[in-house]
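Next come two complexes built around subunit A: one with subunit B, the other with subunit C.
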Partner chain A sequence: MSTAVTAPPPVEAPAERRSRGLRFGLYLAGGFVVLCLVRVITGADELTSSGTLAVTLTATMPIAMAGLGGLWSERAGVVNIGLEGMMIMGTLGAGYFGFHYGVIAGIVGAVLLGVAGAGLHALATVVFGIDHIVSGVAINIIALGVSGFLAEAWFSDLEGGGPTQSPPLPTPFEINIDAISGPANTLEGKHWFLISDLASVVEMFTKNLSSLVVFALALFFVTQWVLWRTRFGLRLRSCGEAPAAAESLGINVYRYKIIAVLISGGLAGLGGALLSMVSSSGFQVGQTNNRGYIGLAAMIFGNWRPSGLFMGSALFGYTQALPFRQGTVSVHALLLLVALLLVAIGVVQLLRKRRVQAIGAFAFGVLFLLWYLVTDIVPRDFTTMAPYITTLLVLALASQRLRMPAADGQVYRKGSAG
Partner chain B sequence: MSLARRILLALAAPVLAFVVAGAVASLVLLISGDDVGGFWSVMFSMPRHRNIVSILNTTAVLYLSGVAAAIGFRMNLFNIGVEGQYRLAAFAAGAFAGAAWLPGWLNTIAAIVVAMVVGALWAAVAGLLRVTRGVSEVISTIMLNAIAGSLVTYLLAKVALTTGNSRNTRPIPEGSRVGTVKLFSDSPTEVYGLSLVAIVVGVGFWVLLNRTRFGFDLRASGASESAAVASGVDVRKMVVAAMLLSGAVAGLVGLPSMFSDSYSYGSAFQTGLGFTGIAVALLGRNNPVGIAFGALIFAFLSEQATLLNILAGVSPDIVDVTQGVIVLAVVVAYEIVRRYRVRLEQAQVAGELAGQRRTPLLTEERN
Partner chain C sequence: MTTSTTARTAEAIELTGIGKRFPGVVANHDVDITIHTGTIHALVGENGAGKSTLMKILYGVQRPDDGTIRVDGQDVSLSTPADAIARGIGMVFQHFMLADNLTVLENITLGAEKLHGIGDDARTEILAISRRYGFGLDPDELVESLGVGERQRVEILKVLYRGARIIILDEPTAVLVPQEVDALFANLRELKDQGHTLIFISHKLDEVLAVADDITVMRRGTTVASVKPGDVTARQLAELMVGSELPSPSTEESTVTDRVLLEVEGLELRDAAGRPELTDIGFEIHAGEILGIAGVEGNGQAELVETLIGMRQPVAGTVRLGERDISGWSTRERRAAGIGYIPEDRQRHGLLLDAPLWENRILGHQTRPPAVKAGGWLDVGGARTDSERIVGQYDVRTPGIDTTARALSGGNQQKFIVGREMSGDPILLMASHPTRGVDVGAQAQIWDHIKQARRQGLAVLLISADLDELIGLSDTIRVLLRGRLVGTFDPQHVTPSELGSAMTGADSGADSGSGDDA
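Entry: the complex of A and B
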């Protein structure tokens, strides 16, 4: 087994990888500067307030965990649309074990119930070889039913609970560094361009920062390292790119796929724990509200990579958080941001001599600009639509440059290597 | 293979699935300390006349929803968006019919057309995104579902009449409503007139699949895209066409109850039929007759579920679990049976070939 993989499959050269990391940073910084600019122009201070950013972070992490789960599974070639269901199981686990046995047990319980859902998915897709999407859809139906049924059985008679919700749960330990967050808060109040905005970011990381969020953030680095820097990760990814070749090199494809799907479910379960213990005060039926799917979309948006996936999740988290922070005004200011970004995309396309795309981007940019200029607020129902429309727009603009694992979603039978 | 054996194999998968689903449901009930015997006696009790009528009405809408999903599934197009398509379409039809621009039956027919067009266009968004921008229809239809939900809420607030807590579109005028079929004299509920549309759609789906070139192309694209392209099928056009058709059928889902019972689209309109339709389509193997059985079984389970709480003190959610397990188990069971059948056929062919004197090498295994 030690000679299983000697030559790595065609991955990018180190130099290219470094430039990708650089580009990721540049995008993030550039987006932030434009956001600050829009804040100053529109006067919608909630756009980058520490409150908004804190809500963004707690809204981002469950999506990011679902996305990370999707990444593990799809890198091994198994499409996991059952993330939503595994996340539901996670919220239920956090509700039951968290209430009865404390924070740690809640988190562990959430992960384990997520893994249980994933076990079903692995059994159906890897062992029995049925269509991945069919299995995922079924798991979502089952999880929804199980959570509704068990919630009624477990929480109905508890004080503060009910047939559709758990009693308030204990929250994971929160990190507070007053020495930094205090001055940052003062600085934020000045509303200076960029400086106050950066102060908000500092404040977000030093005030009421949940330890579970930090743990989840750390998992991104762990994933990056394991999947791209270890032999285990290389083998796992080879199962998603060319399972027949992997098997011919002595890799137990089934085993790697099953492990990947189980990890995927565990991460989705953790996302559920974040939802019911950090984002809100307890478990509720229907709490996930499509976040599993959005996580999957974030992963596709991020081109099956941790950094891109995190950026996608943050985008969704932000558009989910903003409606709660003077939503109608803030989202209205966001229209200007979208208009600016579209014009910027148009310029880039024009420079690349893609006239049709450029005209399309300009046209939509002008439309958004008009919308911004003509109206004063965005109706509430439109603000709830924002994350979904963003997803569609981003995928429509970006999906041509994406490359998924070559054997993603294909059923692999043992012995196919011949 | 003998006929008896073939029938046995065809029945093996669904039977196996139901046994597994029943076992899982019993197990869950045992763990939660519920009344297992009560559950089974309620589920297998003979429905009363009024319940039979409800079952038939639910079967019709689930069938429509299932066919809508199946049209896409037949060519490996996962239209998860039936949910959003039917809600938006039902709203549009309700608003249109309530406005009463046309007299009597013309209004009804026009409203049905509006529903189909709106459903088709909403589905086409996903189809176009897929063929022009390469966006997976699974993700885009899920997003479109969520957008449709908010959009309907927004539009409803614009056009609705508010009474107390509920918002509804203007009631459909008397002359444009659709009558009901009275099956039992002692039942307060009746079969909705538009439920019969399901039969028309079913026959149409069967003819389309098996007797038209479009249906052939559809199945070919689903079975092997490269082979379809090689034989001259424009797969991109097929994707958009299939989505349009799927969305048009989805547009019908909300209509039977609206035209014969509620007479308007409101905030209390039934949701979730689109997702159940997906399960029904999978259960029926995307086959016009199979979907009918799937819809009937799911309608039966859902109707019996409404009695569970009262008669056995069991939460009706257990039926959702059972339905999900049925879908998963039936697909797994079909796969196992398929493999068994392939092996059986291989053994049979090998046996026949061994019977002849010259045995050509069987190099290609199908599994």
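Entry: the complex of A and C
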């Protein structure tokens, strides 16, 4: 271990980059085992029940789509804080087109309205060179107003609809494999360490699994492949790292930036569709509830990489889902999990000789442990807030070496090369 | 090699009567240059002489207003870099055009993916070129982790990958340390031997004389002479560039007093991992003395200066300024106590590039008149008046003090910094590479200002990679090697080669010093 500590990591070697997928898997598996352990210790079976995991998945995916949108845009050098607004446009599109023309039209409509919002952002930031944050915030405000106005105009007179919500929408096709989910359910009921927990995971993927969620999951692999394995992706990333260099090599920087922002908006719109067609039964004003921003945070936590961004989204999704599953007991069990996590982070930070972070992690870890030990349940009012606090703590104290695209957020003017 | 016999006789590039006007400025007029295939052709001239504009015209970034360009005997019109690339012309920019977070392979294939894709074929091709010219590059390494010399080789490889036979290098040595310059020149000669034509822009005349086959001198936008390196000396070349007799850096009679102004004892500095960066540094500078620090870059010069100005904290040692022990003082306190500092990288540490000159005047003086009044309020009037004084007194060529620092040439930026650092009556001036990247005219003026500081009784710490500058200006020269002071020399009696061997540690008797018997 000592060699790993003394050698300051200027840059990881190619071998280490290749093992990134492996490391991601290890983190995920390790976290899951700890979760199972906590479940066994605390007896809070909802921690890994298939119901909780299913809610987690539906809570995760909209955030993950927003984050993935942010990834596309920021990899091309455009900060997209307008994701929230594009997501709102997506929920509205799903509501209108989904109700009138069916599931597929709803999804396409959501994506297209997201793209429309992104078009505004691309025009403002790339073509006119307006500050990315200003444009993004403006889009969020506009989208909020437009969605409120159009919802009233479109849905007020419909049966089951109202000025702030659409009638119930058709749901995308759901995957059910009873042959697997049945036995898995039985196994889950035994509450065996790890085995029952894994059964919950199997059940989550075989019972009432929305095809739209599967599609969204697939987009992660598509993104990874396109951005890092194709010429298009290389050019797009070069615009986020060194646009002047890209232009000096004959690459049309504006074009790639605009495409990236449009894709970003499409993904955020898809996130909106997930919200109104999968996570709930229809469109509602204010449905996104700042998930666009949370997606952006998950992306930063994930170091501008699909795998890390997915982990960050899952963390947010899980802590959002838990309060709804016997919240007072589950969130109380979560305290122990957080305490363990913080201590683990503390050890890692200590090994990396980051004393301040280590002390902070230990201190909060002990605090959470005490809290867990001296109480039996968490007050109901606190259950919905606790996830955000714990997530914030984990994100803050696990601080890693974040590396954002070098030209991210900078306005690029054509002709800056040479 | 098969083509080189026929190629040598041909002209790779002929520029005739090239002119380029920008609003209010004539950047180029009546430029005539002939560049032979398979040669290294140097283009020299002061900053602002029009070299870069000319090269941008040749690379298709700018279009000429007059004149003709002939490449390989054919009239061509180059309106974009893509046209130039198609004609086999490639350019290595002074400021590297590389994306740090991408690999060497990605940087090279970017924009030329059609040639060999972005996968294994490209990797094979890059390795082949790298081996052919001895570049030693790993395609899968991140550019971020490469040194400056390696980055430059990536740039050259990028150009070669696209099949360029005519390569323009814009001040390629400005960012390199001496060993890297040697490596670059070896690469350039190798390229030349394989039939490539190289155009080399520089104002470092020794280098030009060492590597070029032909030299064209530019002054005020036009070509003034074409010479062979064997026929001229560096001094004659410099006079062609400036158009007048040159001052030399040499100092006049000694003004050294016995009053010690800066006394450093047992200074030790470690990096984050605890490795020593400076070990047992001790020296004195007297009023009216210039102490020159020689050394190959990266041997602790930057660390020494940053420790003395208070940017880094030593683990041991004392620093005394005049009578006072300033070891524990902050940078601001040290500056207020009378340290002026000309930083190594003026664009990163010396200036706010997008702020007007008068705001830059306040930097480093943000607690002192005339820029700041009692109570911490800015005295805009005072700052402006004093900026006007600096512009006048130090001959900073600028349209006005509301111009941003970025708009000034390197030499004028540096003159402004010198003027600012000499304000507020310093007693110690630390100058780190004060004339690096500065044209000959400004260089002479900066030398004058340093000499004047010495006459006024300041202690001056001069760090430079230019040995002639060190020998010419200093009263004493110390050599820094691997974080230790290893030798003391009297500039009156030392030669650059003696200094050079002490700098590389080749001279075992360096500690005795050659100046003791003076």
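We take it that the second predicted complex is superposed on the first by the 387 of 418 C-alpha atoms of A that agree within 3 Å, B and C clash if a C-alpha of one lies under 4 Å from a C-alpha of the other, contacts with A are read in each partner's own complex, and residues count from 1 in each chain.
Please note the rule applied: contacts are C-beta pairs under 8 Å (C-beta built on N, C-alpha and C of every residue); 3 or more make two chains touch, one makes a residue touch a chain.
Here the structure is a predicted model, which is why all the values come from computation and not from measurement.
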- Check whether A:F149 is in contact with subunit B, with subunit C, with both or with neither, and answer first, second, both or neither. first
- Task: Would you sort A:R237 into first (subunit B), second (subunit C), both or neither based on which partner it touches?
- Result: second
- Item | Dominant contact partner of subunit A by residue count, subunit C or subunit B | B
- Message: Let me test your reading of the model: by the given contact rule, A:R403 touches which partner, first (subunit B), second (subunit C), both or neither?
- Response: second
- Is A:L57 contacted by the first partner subunit B, the second partner subunit C, both or neither? neither
- Task: Classify the contacts of A:I107 with the two partner chains as first (subunit B alone), second (subunit C alone), both, or neither.
- Result: neither
- Message: So in the superposed three-chain picture, is A:V134 touching just subunit B, just subunit C, both, or none of them (first/second/both/neither)?
- Response: first
- Would you check which partner chain A:Y388 touches, where first means subunit B only, second means subunit C only, and both and neither mean what they say? first
- Which parts of subunit A are touched by subunit B and by subunit C alike? none
- Mind pulling up the subunit C residues that touch subunit A in the complex? 56, 59, 61, 80-82, 85, 91, 93, 96-103, 106-107, 109-113, 117-118, 140-142, 144-145, 158, 272-273
- Can you check the complex and tell me which residues of subunit B touch subunit A? 28, 32-34, 78, 80, 129, 133-136, 138-140, 142-144, 146-147, 150-151, 153-154, 157, 275, 278-279, 282, 315, 317-325, 327-328, 331-332, 335-336, 367
- Query: Where on subunit A does subunit C make contact in their complex?
  - Reply: 6, 8, 10-11, 14, 230-231, 234-235, 237-238, 241-242, 244-246, 248-251, 403, 405-406, 417-418
- Tell me, which parts of subunit A touch subunit B in their complex? 81, 120, 124, 128-131, 133-135, 137-146, 148-150, 152-153, 163, 290, 293, 296-297, 300, 379, 381-382, 384-385, 388-389, 391-392, 395-397, 399-400, 402, 413
